[in-house]
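Take a look at the following structure, please.
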Amino acid sequence: MSDTYVLVHGAWHTGAEMAAVADGLRAAGHTVHCPTVAGNNPGDNRASTGLDDAIASVVRFIEGQDLTQVRLVGHSYGGMVISGVADRIAARLRRLVYINAFVPLDGESLNDMVPPHYVAMFDAIAGANSNAVTLPFEIWREAFINDADLPLARAAYDKLNPHPYRTFTDKIQLKQPLAALALGKSYVNCQQDTALPHSLPWHPRLSERLGLFRLVECPGSHEMFFSNPQRLAQAILEAGRD
Amino acid sequence: MSDTYVLVHGAWHTGAEMAAVADGLRAAGHTVHCPTVAGNNPGDNRASTGLDDAIASVVRFIEGQDLTQVRLVGHSYGGMVISGVADRIAARLRRLVYINAFVPLDGESLNDMVPPHYVAMFDAIAGANSNAVTLPFEIWREAFINDADLPLARAAYDKLNPHPYRTFTDKIQLKQPLAALALGKSYVNCQQDTALPHSLPWHPRLSERLGLFRLVECPGSHEMFFSNPQRLAQAILEAGRD
Amino acid sequence: MSDTYVLVHGAWHTGAEMAAVADGLRAAGHTVHCPTVAGNNPGDNRASTGLDDAIASVVRFIEGQDLTQVRLVGHSYGGMVISGVADRIAARLRRLVYINAFVPLDGESLNDMVPPHYVAMFDAIAGANSNAVTLPFEIWREAFINDADLPLARAAYDKLNPHPYRTFTDKIQLKQPLAALALGKSYVNCQQDTALPHSLPWHPRLSERLGLFRLVECPGSHEMFFSNPQRLAQAILEAGRD
């Protein structure tokens, strides 16, 4: 049975970086789309793109392709996006799959779920870069892709693009709590992911906001899309299979 | 060296569902018994069976078979049962092995260790079913057997039986804390078990009530008896081997 | 590329017990030293050796061999030692690797990071043994080497030596917080390590004191140097590779 997956990338990424995982899902017989969210395309205006623009771009993609029964997968910042999409077009979706992704409450921004020292650093970087935020390599290497060797960590870093900071500071509007949506929900927790510190973790702190949800865990860092895409694809299949 | 194991099933189960794990232990040379606890046999009275009846039925089984040096293993609700059995006939036991199982304090019920929203749901179901409690399929599929595919989740669900709710609400009587019992104690934690939410977890919240204990962990859900009995048998062997 | 590793053992151990892991690192092409810390050599005075003596002995070793660009690895109590060494000769080091090891704040002793019931037990044992502390076998078997079988647990226990208790009670002096040191830092967390209870854990409680650090995890107990040295060597390689 062929399922339809839409993979929504995290901050600093585009759909292109989802390709290896998408191929893993396709090898299992599924149809996979990897749109690039508004704000992360090469020519997009980093200063003006906000969270609503990002959400609207994925809504447009799903409606434009007339997709239904979608397994909508969000990674990291992508959790903000898929939460907004689910709030707007739930009828086209079958299940939400969060991969170490933000699960917002109504009125929350991404920055509201992040340790203060990260917010201060993001503020400073965005302030000096026309409201585009980047990630210092040292943090990327140690806390985001700790399971890769140095050459892979560098090669992956070179693919990142400056991220529109308004999508981190805009408050999301949700008509109802995500737990109340009549959709399946899954949370994939990559166990060595320290992009958020384990004292303020992805799971169970954010995952349990989904109410009843299916937990799938796998060994790996925040950036298994680079460091172990086959294993991550397996986890997504277990998260999304029904 | 052949050890003697007695496996005590969880709520809604019978000894029959322990068979695959028991076979794994037998393949390692051990003797394994899988009694069905009072209240879960086909003809048992779900309305009247209480926790003392459940405990007494396993005491009778061990005494009736004249078993000694028993590795007494309890899964989930079975932790209530083996805790009571240990309090009554410790001299026949060698070691207690809890598998994501309840570890009560004197005077506690199972429901005292469970999130309030589960207790409210159990109350409502039991109130409408002559004090027998069942588990909605959606909760079973997402939170109890998250590591299985849907056909296995359904097949396993079809084997469950209505559970006597008094065994969840009765307070256990213990002559001394379990940590004070002069027996070996082990706790097997199946790592993706979300039958209890990870914010109110089996381990270390309940496991550490055992005092000095041996931790064994394995990947899997609350229902590895169905989803991965070979791996669970290996964990039990490591938990019980001395 | 050949890196230089110095492995600093935990309490009750000597450098000899690091040999199997050191061989695993050497097989990957690296140079590995396993000095025995002052206080744990056969003839050392257990009553008088303090934490400063222990730290100074490893400083002397590194300076005496004129080692530079050192990956300095500490296990358990060895975390106290490598923290002091890093504070004194950071210029000779490339990266600190803690393996379920203590990460002290300035003015803290090892005992300050340990549950009160362990401190009380240590006090009693050292009080009766000329200020040398030993570990009861039952605790070793259940909480330190829970992943081994009984013969291995016994054989490993027989290699332990009485430990100078002043190294647990002396407060460390640090010129600056470890997080402020301009060195790479990694933390290897052996996931079934219950030498510290999981309610008062190694990670993230102590690891996050390092500030930005690289997390590497592997399945195993506190004593993987005995129970699974190959797997631990792999984790150290991932922790130390750049």
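Which chain is which? They are A, B and C, in the order written, and residues in each are numbered from 1.
The definition used in the following text is that a residue touches a chain if its C-beta (ideal position, glycine included) is under 8 Å from a C-beta of that chain, and two chains touch if they have at least 3 such contacts.
Predicted model, so just to flag it, every value in this text is computed and none were measured.
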Among line, ring, star, complete and other, the chain touch graph is complete
Cα rotation angle, chain A onto chain B, in degrees to the nearest 5, is 120
For the pair chain A and chain C, the C-alpha centroid-to-centroid distance in angstrom is 38
Expected list for chain C, residues touching two or more other chains, is none
As the complex stands, chain A meets chain C at residues 138-139, 141-143, 146-147, 149-150, 191-192, 194, 197-199, 219
Touching chain B in the complex, chain A uses residues 184, 203-205, 208, 212-217, 238, 241-242
